[in-house]
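These notes open a run of structures that come right after.
Each of the two complexes below includes chain A, the first together with chain B, the second together with chain C.
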Partner chain A sequence: MEKPKTPSPLAWKEKLAFLWLVLFTCAAGLSQVWISLGYDVQAVPEEAYRPPFRLMQHLLGTDQLGRDVLLYLIHGCRTSWLLAFPPMALATLVGILSGTIAATLGNNGLKISLGKLFLSGLLLLALFYFYPLFQWSTRQWSGAFQFAVYIGCALMISYPLVKVSQKSFFKWGNKKVTIPVDEGLQKIIGIWATFPKLLLLLILTLFTPFSILTLMFWICATYWVLPARVSRGMVLQLQKESYYETAQALGIPFKRVFTHFMWPQLKGPLLTNFCFAASGLLGIGSTLAYLGIGLPADVPSWGKMLANARFSLEAWWLIAFPSVVLLASIFSLQVIGHKFSSQAKA
Partner chain B sequence: MTLPQVSLRVLKFFFTLWFTVSCVFLVSRLLPSVNNPRGLADADSTVYGTSNQNTLQKITSDYLTRTGYNRPLFYFSFQLKGLETAENIKPMAEATRWLSAAVLRHGVVPSQAFYKEWQNWKKTAPPEKVNQLQEHLQRWAGAELNEEISSLKKMISRFLQTTSSDENSLSKTWGKLISQNAPLSYHLPLLRWHGKDNVYHAWLSGLLQGDLGTSTVDYKPVYQKIGSALHVSVGLGLLGLLPALLASYLLGFAFTLHPTSVYTSVLRHFLYFLDSVPGFMITLVVFGIYFLAGGSLLVPFSSGEPDLLQTMGTPPVLLGGLCIAFFIIPHLTLQFYHSLQTQSRSLYTRTAMAKGLSYRRSLRVHALPNALVPILTLLSEVVIGLVSGVLIVEITFSLQGIGSLLVKSILSNDYPVVVGITLFLLVFRLAVTTFTDFLYLVLDPRNQSNT
Partner chain C sequence: MTRTCAKSLSLLFIWLLSCSSPSPDSAVRVRLAQDPESLHPLSYGNANALQIFNLVYQSLLTVDLKDNSVQPLLAAGLPQVRRDDSLAYFTYTIRPEARWDNGSPITAADVAFSLKLLHSPLLDNERWRAQYHFIKDIQVNKENPTSFTIVCSGYTPEMKLMSGDFFVFPAYQFDPKGTLAAVSYSLIRQKFDSLSQTSTFKEFAAFLNNPSIATDTATIKGSGPYQFISWNAGQAVMLDRKKTWWADKVATNKKTLIANPSRIVFQIIPDNAAAVLALKARQVDLMDNLPLVTFQEMKKDPAYTQHFNFYSPLSYDLVYMGMNGTNPLLKDKVTRQALAHLVNVPQVIKTIQGGLATPTVGLIHPKEKEFYHGSLPPFGFDPEKAKTLLKQAGWQESSSGWERNANGRTQRLELELLHRAGNSEFESFALLFQQNAKAIKIPVTLRALESSQISERLKARNYDLFLRTLVSTPLSYNLVPILHTSNAAEGGSNITGFGTPNTDQLLEKIAQEERTQEKAALLKQLQEKMQEESNFVFLYFMQNKLAISKQIDSVVVSSLKPGYDLLRFTKRK
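The block that comes next holds the complex of A and B.
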């Protein structure tokens, strides 16, 4: 639990990795600024296949459409950054939430009386049944507002109803049913882990039109499984510790237990997992672009450059530069991940 | 195991299979533009770009009738009461859409009156007027926003007044129609039972007869397409997997035998490096080296159906196999090495060595069987993961396998093929995991002593 007083000095490898990631993020930011200013990569067919290091305006050469490779790579940074970090952060959050909830509630933690369950089921059915009616009678409102109002009203009516029905009129209504939350999560994880991630992403992208935003969503939906597993396992392990039992016995509220007892333990493995998963995601994002799936045609990406480069192997700079950038980003993340994992072990 | 236990397991297996298959199909019906013929939903609409609303609707409804997708999706469904009432009028195909909208918005009696009047008017009116009115009505039926609906209403009223009709009764019935409101109860959903005549039932019974439907791109049967693609993919997978298994075994063994050697540390670092390089870059490097060395991917022409051995002998498949071996070897070797190392440190290996066995022999006889057990699970994962490796290789080397078929059908929205491949992969996965479980039962002596 105690933190080392002085953090171990960074090895040169780690310094380099941090530097690279900072540069990577800066490039992504720069590209975002350029895009918001309307300054995009221009295709100039007369300038196609200029070799690198000859001209100042095309320092890294040009590709088959005459686009500047350096500029394209910087714009590719933005795509890769967007596809790796925000979805992974969200996925980690979802994973922590679901894993912690499943581990703390377990298979016997959530008990609902049969009467309440029956009542909520009835209310849900009624909610479903009367929605078209509501939709029609309030048709001058906009769709989202309509939905929000309906859900709001339904909650206001049904919550007190369920709350008040403490004692059911029937005997069977007081029977408690346990909901196996943990087992449910395990089942869901089992379903998500059916396919390799690349295949799952390929199939999921079919459901929405190709764009960065939808791809980010699907990546998030695919990658929450591992953080959920990690945090579930850690919390289960933690519950056997005596200080956790003490905290329970003292009646410390869950929020505080989480922030003061669980989070310090969870942090290390989750950060490690974040780094390794993000490095894998850089690879997956480029692979999807390489296959031409998930990203619209006008979004620049390193994978697309590599995919096109295979038709013109003589232009070595079209393979070399994106590969170097991609590998450097992947390995930087892995070096940092190794650092976190060794820190967690120490 | 006793007979009831076995039959329970078999029953559970088939239930899982049926449930998964049904879920895949029902979810696939949620895909966007699944109910449109090809090209109709394209953003640039090059195919049907100049056609008007009527033609587009006619094409879609023809397509739906031809494919049988106009039937309900499942055995039962929920439908608004108003829509059911509209169906009872039994309108002509071109009037179905706007008539059901009219019934839902303004009630059944005036809608029926308008429909009758419209039928009479249609017989005598000039065709372009009929078409214009049809277009307006379709747009009115499709409109969702309130302002749009009311403006279209006014437009139709004006249009009907200006049409040169003697008594202009159509305009009158239209006025009567839009002045009334449908009862609110029309917006309550009703449960409807459809019986066997639904899309799911037809699909499932087709599946049981080995019919997965036809591709929407070239109208070939899906199972035929998958079958011919499987040929290449199996060859590729075997060419990658078998050498990789051998290499991993030898490498892992060598690493354990000589843990301090320079080669071991260099090779291990190289394997760690290779493990984190994305697969398509490895493929590109192999591809590039082969081409720069003067190789070509031309396949010698052969007559007749190529058999598996023949396919495996062609240069692109051989190279692809090499790439796949490179994908698998790092992970497999490192895990095998780790497992073997753990076992070699255990007490029983020390005992074996104390009794006079050499290190190599004690590893092979005593540590290896124990080290292989956790590898079995890993192996089943590797075999399942092989599919994504095969996919990348097939795209790069332009091979006609399962992976490239999947990518192509995703890019061309060929849903029957995508569903077929997904089902195939699910069954493949199920077979692999079941086989692994079975192997555990056979190989692990602890399981035998229990029964």
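The block that comes next holds the complex of A and C.
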């Protein structure tokens, strides 16, 4: 019997990378705690441009508004963390779901009655049409809560309606049409992948007010493509394996096949992609902040600090410290990505 | 092999970078922050386009940037003014030497054509129609083709400049078929709608609305000293001095007819940091509105002081925070006064502007001593006073902020502050204001938007607070358009909803008043009222931060736009 693979010991640079990422995550967590306690980074203009390593209360110096650079960098960790990990995790999940569904259903696997399709289309149109009215009548609620309530109500109303529509009153309503799910996804991926990610984000962020939440949403909408492509390819490949046919013949449910046989094979490439994409996102998040796009002025960001540093070359610490933190985070994720990649290959 | 190629390319790149040397030619190179957008005679895009137009076209009168005095330009002298009950008559004579590029004299017919152009149908001249609405007619002297009288409705002192402050365009070039010559000025104004249906006007409008008019070097030709050579969008606009310019032959009264640089190149560099690099590499001779820290650092550094002179002239650019008086949250003046107490103007001037700004209590520059209300104490930074005022306005402090009951509904004092994206000074101010407001539990959301988006929100009155620069002028105190309640409706230019019947009367009197003492008293009353209403929180008048190459002699800097007199510059090689 084959022995289970034991993971190779970590090299010193991998240990260092893990340590840095733990510190990065702790700093982001600390910043979140401070923010929930109302402890923001304070501007004290009289203290502007204090050089580093002179005063204990401003160990890494201050910026043009007298904000402590160390504190600003820690709050910047939170922003970078929020822009890299949660949207990437969600994008990966969306990618796995869509890629697996497309590979499993193929172009002939989804058949839907015309009546149900028609009703779903009508419902979607109605939901889209009535949203402004709902928004107006509940204008005192917060935006996210308002949206959640609307989606909840919509689901509650539309689910029984779609169920009822199975018993269509018209003959044509019972006619089934085949939805080419795989081809559809391939086309969407093909179009989506032609845009450079930074350019796509630059355009998309202009459609919504600048905020960390909207930027997270747009990142998620941009980055699901590669995980979807990887998942689809892997699932198609694994479906040709003999164990998949055996499992189907034995009537083992797909969920179990996926979790026990497919996921262990998918995990490696997806984790590698996650690390490289997250490292890229740290760079892209900072680039957007540098350009003044996507984030409001009061959200601390390393890119914003670099942007403000352009005007004063004497204040070298405003370039040096955020650059070091940004590069260290990007390299750490790259090193870990390589580790996963080499493990997957082994 | 790959490595060798990479090394060679890197060396080539470094060599190319090190080769960027100061421009050796005699052209004066000026940095512009953005393209002129359009060089159409009627719908020119922005202040940069106006700056270029001032070199190509001429008006009857101009303002001498050396002493801010009104001087004749195309006109032989200042106008003779005559008034009767409801009309004012401004009589001008054009300089006899004035010529177009084809050698034909500039006459009253060209002035009449230019005025008609500002009021013709089917053209993009809406803002000019509003601005020159006061000009009722033009009467051409039949005996002297260079003499004419502009008839204006009513009389305000500003008309002395305004009646001659429009570009005079060559009729032979823009209207070769003489469409406008056949119709009188008053008829164009009276029959605006019916003329728009006629085929001749449609044809004329089609000719003038042709996009090539705005970019073609052959059509952008005026009586000014420079001819338009090229415009590469995003790169440069180039102008050359005419070899034979009519004003070279003028013997007397030449004060405003100076044009020294043989070539002017406007380098378009939108990014401030990139523009600073170009300045430091001496690839531009002049840069205005330098970022404060760069300005301060360059002024200290001998490497730059040996090549550049630095100036910080006063300007009439007033930075203020506006409040929406039509918004239910900010409808009462006491709430607005409370917010005004959260602005720490001295701190902002000291830190964000490095002391290079002038605090003010009103719209009038403190330099204008007779009109400025020097004895009116400004609102100080006082969060406690702000809290007291909020309570006075009916707001109640709770653990989460400020609330009050209005017509059975609970209002929460939560505000949004609009500021221009990319303006680091506005962003810094917005952050400080947000911090001050948060300290007394008023949540303020910062929203960075493009200038045009801010304008749209202001026009629709869909805002709480905003930051803006108001370009004022010491030459006119007609504040009716921006402060009168008749302009406070949606889309009007009174964007803050300022005004009471009392202030409306004041504004009307100020616009009419010609006696200095009386005008000063009225303006001081207005400043008091504006502080009491607090729709505007005046922060400061900015000071321009200019760096000009030491190769340039006869430098004249000014408090009026664009901040320097380019025509007087002479560049040493």
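Criterion: the second predicted complex is superposed on the first by the 274 of 346 C-alpha atoms of A that agree within 3 Å, B and C clash if a C-alpha of one lies under 4 Å from a C-alpha of the other, contacts with A are read in each partner's own complex, and residues count from 1 in each chain.
Quick note on the criterion: contacts are C-beta pairs under 8 Å (C-beta built on N, C-alpha and C of every residue); 3 or more make two chains touch, one makes a residue touch a chain.
Since we're looking at a predicted model, the values are computed, not measured.
Greater residue coverage of chain A by touch, when chain B is weighed against chain C, goes to B.
In the superposed pair of complexes, A:Leu65 makes contact with chain C only, with no contact to chain B. Of the two partner chains placed by the overlay, neither chain B nor chain C lies in contact with A:Tyr150.
Contacts of A:Gln42 after superposition: chain C is touched, whereas chain B is not reached. With both structures placed on the common chain, the touch criterion links A:Phe118 to neither chain B nor chain C. Contacts of A:Phe195 after superposition: chain B is touched, whereas chain C is not reached.
By the touch criterion defined above, A:Gly292 reaches both chain B and chain C. When the two complexes are overlaid on their common chain A, residue A:Ile203 makes contact with chain B while staying clear of chain C.
Within the superposed three-chain model, A:Asn308 lies in touch with chain C and out of touch with chain B [touch as defined at top].
Residues 209, 292, 310, 313 of chain A lie at the contact with chain B in one complex and at the contact with chain C in the other. Chain C meets chain A in the complex at residues 272-273, 276, 291-294, 297, 347-348, 350-352, 419, 421-422, 424, 427-428, 430-432, 434-435, 438, 445-448. The touching residues of chain B, counted against chain A in their complex, run 30-32, 80, 146, 184, 187-189, 276-281, 284, 287-288, 291-292, 384-385, 387-388, 391-392, 395-396, 406-407, 410-411, 413, 418, 422, 425-426, 429. Residue ranges on chain A touching chain C, taken from their complex, read 40, 42-43, 45-46, 48, 64-66, 209-210, 292, 296-298, 308, 310-315.
Residue ranges on chain A touching chain B, taken from their complex, read 128-130, 132-133, 135-137, 139-140, 194-196, 198-199, 202-203, 205-209, 279, 282-284, 286-287, 290-293, 303, 306, 309-310, 313, 319, 323, 326-327, 330-331, 334.
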